[in-house]
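Here the chain labels run A, B, C and D in written order, and each chain numbers its own residues starting at 1.
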Amino acid sequence: MPSPAARRVTKVHHGRLAAWLAHHGRSLGTSLGRLLGRPWATLLTAGVMALALALPLGLWLGVHNAQRLGAQVQASRALTAFLKLDVDAAQAQALAQTLRQRPDVAAVAVITPEQSLEQLRQRPDLAQAIDALGPEQARAALPSLLELTPRGAEAPLAQALSALPQIERVQYDALWQQRLQAWLAFGTRSVAVLAALLGLGALLVVGNTVRLDIQSRREEIGVLQLLGASDGFVQRPFLYLGAWYGLIAGAIALGLLTLAGLALAQPLAELAARYGSRFALRGLDPLQAGAVLAGAAVLGWTGAALVSGHYLRQTRPLEH
Amino acid sequence: MPVLQFDSVSKVYPGPRKALEAVSFAMDAGEMAFVTGHSGAGKSTLLRLIHLAERPSRGAVLFNDRNLAGVRGGAIARHRREIGVVFQNHQLLADRSVADNVALPLVLRGMKRAEIGKRVRSILERVGLGGRERALPGQLSAGEQQRVGIARAVVAEPALMIADEPTGNLDPGLSAEIMALFAALPERGTSVLVASHDIALVKRMKKRVLVLANGSLEDDIAPEDLADA
Amino acid sequence: MPSPAARRVTKVHHGRLAAWLAHHGRSLGTSLGRLLGRPWATLLTAGVMALALALPLGLWLGVHNAQRLGAQVQASRALTAFLKLDVDAAQAQALAQTLRQRPDVAAVAVITPEQSLEQLRQRPDLAQAIDALGPEQARAALPSLLELTPRGAEAPLAQALSALPQIERVQYDALWQQRLQAWLAFGTRSVAVLAALLGLGALLVVGNTVRLDIQSRREEIGVLQLLGASDGFVQRPFLYLGAWYGLIAGAIALGLLTLAGLALAQPLAELAARYGSRFALRGLDPLQAGAVLAGAAVLGWTGAALVSGHYLRQTRPLEH
Amino acid sequence: MPVLQFDSVSKVYPGPRKALEAVSFAMDAGEMAFVTGHSGAGKSTLLRLIHLAERPSRGAVLFNDRNLAGVRGGAIARHRREIGVVFQNHQLLADRSVADNVALPLVLRGMKRAEIGKRVRSILERVGLGGRERALPGQLSAGEQQRVGIARAVVAEPALMIADEPTGNLDPGLSAEIMALFAALPERGTSVLVASHDIALVKRMKKRVLVLANGSLEDDIAPEDLADA
C-alpha cells in the first residue's frame, strides 16, 4: 500500500486538464447566472455599453446609406452635349446610337431644336424674344442636344465627348459636383471625429464596467489569491462576464439601430423623393449582425482581460 | 529534513513598526508546534511570511529547503497551494456555499468532482458541520464560520498547515475537538503550526511551543519541558 | 454636580447643526480627495460620463450652427422679378428705389435687357440664336429684371411683388426651399432620435457609475447603518461624489467639444466658401459653458441620489 | 426599571433553523450580565435582536419599556445610536484611521470636534492603543482591531452596551483588562451584556450568567450562585 503522502500526490495530479475545462464551463455558466440574477443591474450596464456600440454602428450605417444615396443621385444626373448647328436630326440620332455602345454611357436621349424651343418658351423673359425671332428662324438657330447619363465619373466622359467632331461643347454641373465633394469631405471629417470619440467611449465603458465589477469583488479575489489560485483561474469569470456583457450589449445595440432605422425611414423617404429618387434605408444583413454580436463579445472579453490583468498585476502580493 | 526554517527573520512594517526581530527556528516534517504570545506579539506576521502574504525585511524563510525569497510571480500561487491556512478572520467567499468554500483548494489542485464531493462531506462531518453544506457563510454563527475555514485548510492534506487563532470563536469543548483533529494530521504527512493565545489549551496539548514577545522569539519549549514552563 | 448620565445628554445634543454642516463640508472635501486619490479610475469614469454629455451637447451645437448656416445661405438667395416689356429703364430704377424702402427687402439690383442679353450669349445653345435675332431686336424683346434679396421669408414677398402692375412675374427657387425644408425635417427627426438615445445614455452612465461605486462600498455602508447612521449621513458622500463626477465630466465634455470644433472648423469653412458664405463655427459662450458644468453637477448629484436612495431602501434592515 | 426585557422570544431563520426558542429574561439598568453557550447556541442572534439587526419571529424585545417591534424606518438609526455594540467580526471601516473609527458614534451624535478628540484619545489609551490613532485597521493585529471595536462601542457612554465575544482574539491578560473596563461601565450609567464562551473568564467575573443551549435559555445564574455552577 502506498504511503498517504504518495496517494495524495497521484490523486492531486489526476484530471487537471478536465478540471481546467470544467472550470471554463463553470465560469461561462456562473457568470451568466450572476448576470441574470440581477437583471436590472445587468440591463443598466449592458445598456450603457449598447449605446457606446450603437452610436458608431449607427454612424457607419448612416455614412453607408449616404454614399448609396449619393451614388443614386449622382447617377440620375445627365451631361448635355451641344451638337454643331450643321448636324441634322438623322445624324444626331446616329451619333446617339453610337454613343449608347460606350461602356461609360448608361443612356442617351436626343433633344431636337423643336423641343429646345418649347422649353425656352417656358421662360417668361425669353418667351417674347422667341416670338419676336419667329419659330422657323429660331429652330434653325438652335442646335440639337444629346442628354447622356454617364455610367461612372462624369469628367472623363465629358472630355471624350468634346473630342468628337459633331459636338460643339459638353456641359455638366461642375458646381454640383464640387458641392458634393465638399459635403463628402466634411462628412468624412465629422465621421472621423465622432468615430474617434465613440470608439474611445466603447473602450472606456467596457473597461470601466469590468473595473468597477472587479472593485466590488476585490475581497473574493483576495481570498482566491491567498488560496493559491492562478491568475487565469481568478480572471476567467471576469472574462466570461465581459463577453456576456458584450453579447447582451450587442443585441441591445442591434435593437436600438432597428428602432432608429424605423424612426428615420419615413422622413428619409420624403427627402429622397424630393430628388426624384426612391430610396430605402438599408440596415445590417444577418451576417453583419452576427459579426456585430461576435465583435461585441470579443470587445467585452478584451476589455475584461485588460482591466482584470492590470488589477491582478497591481495586487499581486509582494510584487509592487 | 526540516519542512520549515526561519533564519534570523525580521519584519518591519512601514511605520516603522518592528513586528518580528531576528526569529530563528526549524520545524521537522510531521511535527506539530504552537506559536503563542501577547496580542501584537507578531504571531500572525510570522505565519504570513510562510504563505507569502508578506516578505521578511531581513533573514530567510525556507520551505522544504527552498528559500521563499526566490518564489515570485506565478510560483507564489503554486507555493500557496502546498500550504493549508486557517485565517484569523476566516476569509470565506460570502457568495458560495459552505461546501464550495471547502472544496476550493481541491478545485485549485484540479481534483475530480466526485472525489471532491466525498472529501468535502467527510471533513465537514469531522468539524461538526454535517448537513450545513449548502448554507452560505453569512448564515452561520462565527464559530461555524471558523470551522469552515479549518475544514478548508485541511481538506487537501497539504504538506504544511498553518492556523491563526483557529479556536478564537469556539467554546472549550469544540476547541479540544479541533485540536485533536490537528494533532492527527502529522500521521497523514501534514506538519502543523498553530498560533494561539489560549495558553491553557496550548499547555494541555503537550506539543512544542514557540513563545513570541514583542516580535522576539523569547522561548522555544519542547513538549517534555512543558510542565516546567 | 449633575449625574454622569445627565452630563452625557447635554453634551450629546450640543452643536448638532454645526455637526451637520461640518459633515457636509467634510463629505465635500473627502469625496474630492477620494477622487483625486485614484486619478486614473476617476478619469475613466468621468470620461465615460463626459462622452455621454459631449454627444448630445455636440449635437445641439451642430444643429444650432446648421440653423445659422441655413439662415445665411437663405439670406444670400435672391428673388427675380420679371418686369413687363413696356417698363423702361428709368421706370425700373424708380420701382427698385420704391422696393428698397420695404422692410422685407434687404437689397434690390436692376438688370437691364443689355445685361440679360450678355448673360444669355454665354449659353452655347443660345449664342447663335441671339446672333440670328440681331442685338437690337433681342434687346427690345427682353424685359428688365429686378433681383431682390429678401429680409425674411421669400414666399410672402414674392406674392406681394406679383401684385404690382409693373411686374409680369416673380420667380424664386422653390425647389431649393423645398429641399431645405426636407433636410431640416430629416435633421430634426435625427436629432430627436439621437437626443433620446443620448439622454438615456447620460442617465444610464451616471446611475450605473454611482451604483457600482456603492456596490464596492456596501460593507462600509453596512457598518455605518449598524452604528445608527441616518440615511442622509450615509448618502451624503455619494451625493457629493456624484456631483464631483458630473463636474469633472462636464469639464472634459467642454474640452472634447472644443477639440471637435477645432477639427471641424477648416472643412466647414471650405464648405461654406462653396456657397459664397463666410461662416465660422460658434461654440458655447461662457454663460452656457457654466450652465453645462452646473447641469452636469446637478445631473451627477441627482443620479447619485436616485441610486443611493434606492440602495438604502433596498438594504434598510428588516424593512424588505 | 428594566433597561432590557425579552418576552418569550423565538427566532427562526429561513431554512428553517431555530436559533432562539422562547427566551425570557429582564436586565435592570446598571446591571452587567454574560450570555454563554456552545457555538451556534444563539448568543449572537440574541444580541442582534437588541440592536435590530434582526427581528424576532415570535415574542417581544423591550428596551427601556419600549417594544422594539414598533421601531421602524428612521427610528431604527436613532435606536442604534443609544446602544454600543462590539461585533464578533469587528466591523471596522477599512479606509478610516483607528481614531476616526472610534469617533464615529460621537460624530453620529453630533458632538463637537474638540470634545470628540479628547474622548477618543482617552478611550484608546484605556484599551492599550495609545499612539496607534492614525493607523488603519488593516495595519493592526487581530487583537488590536478587536480593541478598536471595543473602544468604539463604549466611547459614547451608551445606555446599553452589548458585546459579542469581545475577547476572542485577546490574550488572557488583555481579556482581564477589558473585562475590568466593562465592569466599570455600570457606574457611569451603562448597562452591559456580554456574549462569551470563555467560561473560565466568565466565572471569574462573578456577574449574572445566562446560559443558552440550542436556542433555549437553559440557566440564569445569579452572581452569588456562581460558585455552585
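By definition in this document, contacts are C-beta pairs under 8 Å (C-beta built on N, C-alpha and C of every residue); 3 or more make two chains touch, one makes a residue touch a chain.
Treat the numbers as computed from the prediction; the structure is a model and nothing was measured.
Under the contact definition, chain B and chain C share the contacting chains A, D.
In summary, no chain was found to touch both chain B and chain D. Set against the Cα centre of chain B, the chain with the most distant centre is C.
With centres set at the average Cα position, the gap from chain A to chain B is 60 Å. In whole angstrom, the spacing between the mean C-alpha positions of chain A and chain D is 66.
With centres taken as mean Cα positions, chain C sits 25 Å from chain A.
Multi-chain contact residues of chain D (touching two or more other chains): none found. Taken as a contact graph, with one node per protein chain and an edge wherever two chains touch, the assembly forms a single closed ring in which every chain touches exactly two others.
Chain pairs that touch one another are A-B, A-C, B-D, C-D. Remark: chain C residues 3-5, 8, 11-16, 18-20, 22-23, 219-220, 222-231, 233, 316-319 touch chain D in the complex.
Of all the residues in chain B, the ones that touch chain A in their complex are 51-55, 72-74, 76-83, 85, 87, 91-95, 104-105, 107-113, 115, 152, 156-157, 187-189.
Listed in rising order, the residues of chain B touching chain D in the complex are 13, 15, 17, 37-40, 43-44, 88-89, 135, 139, 141-144, 147, 164-165, 168-174, 197, 199-200.
The part of chain A that touches chain C in the complex is made up of residues 41, 44-45, 47-48, 51-52, 54-55, 82, 85, 116, 120, 124-126, 128-133, 137-138, 140-143, 145, 168-169, 171, 178-179, 182-183, 185-186, 189-190, 192-193, 197-198, 200-201, 204-205, 207-209, 211-213, 215-216, 218, 256, 260, 263-264, 267-268, 270-271, 274-275.
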